[in-house]
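There are two complexes below, and they share chain A, which is joined by chain B in the first and by chain C in the second.
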Partner chain A sequence: MSSQQEQIREAARAYLEGGVVSVVIGYEHGPKGQVRPAFVYEAGDVDRLIWSRECNQNLTTYLHSFKHSPRRGAPVPRVAVVVRACDARAVNLLLHEQQIERDNIKVIGVVCGDREARGQERQACRYCQEREPVIYDTLVEPEAPVKLSETPDDYADILEMEEWAPQERLAYWLTEFDRCIRCYACRQACPGCYCFECVAEQVDPHWSSIAVELPEKFFFHVMRAFHLAGRCVGCDACEAVCPMDIPLSKLNRKLAKEVEDLFGYRTGDDPAALPPLATFNPEERLPL
Partner chain B sequence: MASEKLFEPRIVGFLCNWCSYAGADLAGTSRTQYPPNVRIIRVPCSGRVDPLFVLKALQDGADGVMVLGCHPGDCHYQQGNYIAQRRYALMHRLLEFIGVESGRLYVDWVSASEGKKFAQIVTEFTEQVRALGPSAIRPRPAGVALAAGEVCA
Partner chain C sequence: MRVLTQSQLNEWLDDLATRLRLVAPVDVQGRLLYRPVRDHEAIAWGYERSDMSPKTWTFPATEAIVTIEQGSETQINDAPPPDPTVIFGVRPCDARAALAIDALFLEKEPRDGRYAELRDATTLIGLACPEMWDSCFCTVVGGLPNGTDGLDMLLTELEGREHGQSYAVQVLSAKGERLLAGVTVQDRDVALPEPKLTEGLPTLSPSSEWKAAFDDVYWQRLGDRCLACRACTFVCPTCRCFDVRDEVASRRPGHTVFERLRAWDACTSAPYRRIAGGHNPRPTPQSRLRNRFYCKFMYYPDDFGPLGCVGCGRCIDTCPVSIDILEVISDVARLAARESAEVRA
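Up next is the complex of A and B:
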């Protein structure tokens, strides 16, 4: 079997040559050798696409750029996107929230390579048990068998933090949030953060000042975490782009844990299931 | 310390128009005593209370926040309090994880006939927040402590 990179290029070439899509979103090498998102419009350019261990951005974020018609009368562009297993659940999220239409996207699902090699740094990879993406049109098979985690996320670090005194936790988070420079990179990298006007920047009503001060930073991060409650797919894109290394995945995983505990729901697994905060059950009585 | 003696909790209360606000009104018309620490904001429904409001209150220096709505099944809009219930079950756990003591947020159901219950809830919650002390999210400037009975901060 050809390498995963070759398979991605072949799939992209077939989609572009057949006129199925007008753009393929994948990964490429930047001028300094770094991995960056690539937008390929011509079949002749597909050799720019790469696949490597460093391909860590969640490209489904860019689907938002293609969900509207570029000008009056023109059709909504059709897009192919390269996704990993975690990103594929974000595709399901966006489909469910009616941000994109299934007919307008082609999903090139990659079975990620060796988890142990990939996931040294990323919390998302450490406990990943997903081999195939939950949604795909073209599956990119690995050359060698994939090693999956044998245990699901045990939330060991979260459980440890829950043992701390509240003052310790608050001190920890205020220290972490204090480093924030409010660059909003976490928000931009997140496929679930697609509001036209973010609460953090809204002027009317003016929820939060633009001051880069601790109360505003606290407000921004807790607000963002809660907006993603039951919606975060756990791709860790926010943490990966944070220039100040704020452990945002801890917040998201805490909420994922609680959502699973309270509602038995995991984001993106089932595109038909309603997100827990968008629905209710008259029979349930939750601890308040 | 003098400033600790002077600590009066600032509490923001979001009350649903149809049940809890009427309950508070009943407490008032029946001359039931309850602490003046709670600043009441009337909202159409507990489902209107975005957790953002709670965060905003905490960010702006509230020491405690209470959200009161109709009893389950009694919502004027059929489902608002069920949705609030789901939100606040999560919000409690998130705030606790951030290190805001879960005692600073209180969510309960108060009907229009429960003036006594309203007064009791406010009394208990005020004492609870008083015991927790001032919120650390936006500490008050040194020396600025509210005297008992002072209404505006």
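Up next is the complex of A and C:
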């Protein structure tokens, strides 16, 4: 079997040559060897695309850039996107929330290899038990068999945090948020954050001050975490892009754990399952 | 030349910290930030380039420039005068950045009174860089790792540590002279070490070449990747755009306090350019990212003199999707060369 990189390039070439899509979103190397998102418009350019275990950005956030018609009367562009298993659940999320149309996207789903090495670098990969992405049009198989994590996420860090006294928890988060510069990189990198006007920036009504100070930072992060409850796919893109190393995934994981415990629901797993926070069920009784 | 040993420097800094606000690079949970320090021990000695620039002290991220109290009568108060502040360990690029901001706020009418107060109250003690680190490109935009522009004083670590670490002191302004008055220094014959420069960096195109490249599809493709966050502009020592809004600070029956807040804003984010009625003349990340580079290398130098970039490289290291200003500089030179070849043909 050819390398995963070769398979990605082949799929991209086929989609572009066949006119199936107008752009392929994948990964490339920057001038300093760093991995970054790539947008390939020509079949002749597909050799820019790469695959390595440093390919860690969730590219589905860019689907929002292509979901509208660029000009009046022009069709919505068709796009192919390279996804990992966690990103694929974000595709399901966006389909569910009617942000994208299935017919307009081609999903190049990659089975992540190198699990151990990935897991050392990223918490999201450490417990990952997903082999194939839940949604794909082209599956990119690994050359060597993949050894998945045998233990599911035990939420050890979250259970530990839950043990802290409320004042301790507050002190911890205020110290972390104090470094925030309100750059919104977390929000922008997140496929689930796509409001036309974010509450943090809304002018009328003016919910949040423009100040880059602790109350506003606290409000922003807590508000964002709540808006992602039952919607976060756990890709950790927010934490990865934070220039101040704020452990944002901890907030998201806490809420993901709550949603799992209460509703047995994990974001994007099953495209047919109704998201708990977007569902009204009169029979529902929470164990309060 | 005047020389301070490490212990003399420590003593001096400790003394300064008792008399005024001493700000220096500090390790804050792994991030290097300029923060007030009580003594020399809090300083992250041996640091390279900070994660946020010292701009945060002369152009704060948030500031109440005016307070309006509305009770039985209305009272308008200017912001209280700033505390006298010494920033220690300013890298030469960041001092040049302060000069670049001065060109807009101080040298053109209307003068920004609050910014002038903050600048007047602040003394910059530089620390020369022994080399250009990864991502540094000050030499591309007219700076040097041991440049003195914009500083009140520059310290240079001396090689040959037989007497322990010591620093050559260049006093560069009357403010610097006043600060050093009465401090014990040695007078030694020393040669300043030459910093190690990075070779093979691109040449910056003049603004005319940037102008010629404005409509190239390059900007569309570059901006595809941009997440439209504000990280690059907030870590930039030269970006100085802000938003102003009147907000209620406190309210009780018959008495309301409003603050006129000024807070950093970023041209890369969507609301920056949105105007009344919701129209946005720069609606796409592509158009906004292009604006950021054109501001730095064409609009700002054409309108105010200095370049809007000092080559600190923070945006290169911070951008979550690796948009690299140095790569853009090379690409524009290449686009300009292609353009002129086409014109000749």
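Structure notes:
The definition used in the following text is that the second predicted complex is superposed on the first by the 286 of 288 C-alpha atoms of A that agree within 3 Å, B and C clash if a C-alpha of one lies under 4 Å from a C-alpha of the other, contacts with A are read in each partner's own complex, and residues count from 1 in each chain.
The rule is short, and it goes like this: a contact is a pair of C-beta atoms (placed from the backbone, for glycine too) under 8 Å apart; a residue touches a chain by one contact, two chains touch by 3 or more.
Since the model is a prediction, treat every value here as computed from it, not as a measurement.
The superposed arrangement places chain B and chain C next to each other on chain A without a clash. By the touch criterion defined above, A:285 reaches chain B but does not reach chain C. Once the two complexes are overlaid on the shared chain, A:182 sits against chain C while remaining clear of chain B. After overlaying the two complexes on the shared chain, residue contacts for A:37 are found with chain C alone; chain B is out of touch. Nowhere in the superposition do the C-alpha atoms of chain B and chain C come closer than 5 Å.
Listed in rising order, the residues of chain C touching chain A in the complex are 28-31, 33, 51-52, 61-62, 221, 224-225, 227-231, 234-235, 243, 245, 247, 261, 263-266, 269, 271, 285, 318, 320-322, 324, 326-327. Residue ranges on chain B touching chain A, taken from their complex, read 51-52, 55-56, 59-60, 72-73, 79, 82-83, 85-101, 107-108, 136-138. Residues 30-32, 34-39, 41, 57, 61-62, 65, 175-176, 179, 181-185, 187-189, 197, 201, 203, 206, 209-213, 240-241, 243-245 of chain A touch chain C in their complex. The touching residues of chain A, when paired with chain B in their complex, are 158, 161-162, 166-174, 199, 207-208, 215-216, 218-219, 222-223, 225-226, 229-230, 251, 254-255, 258-259, 262-263, 276-277, 280-282, 284-288.
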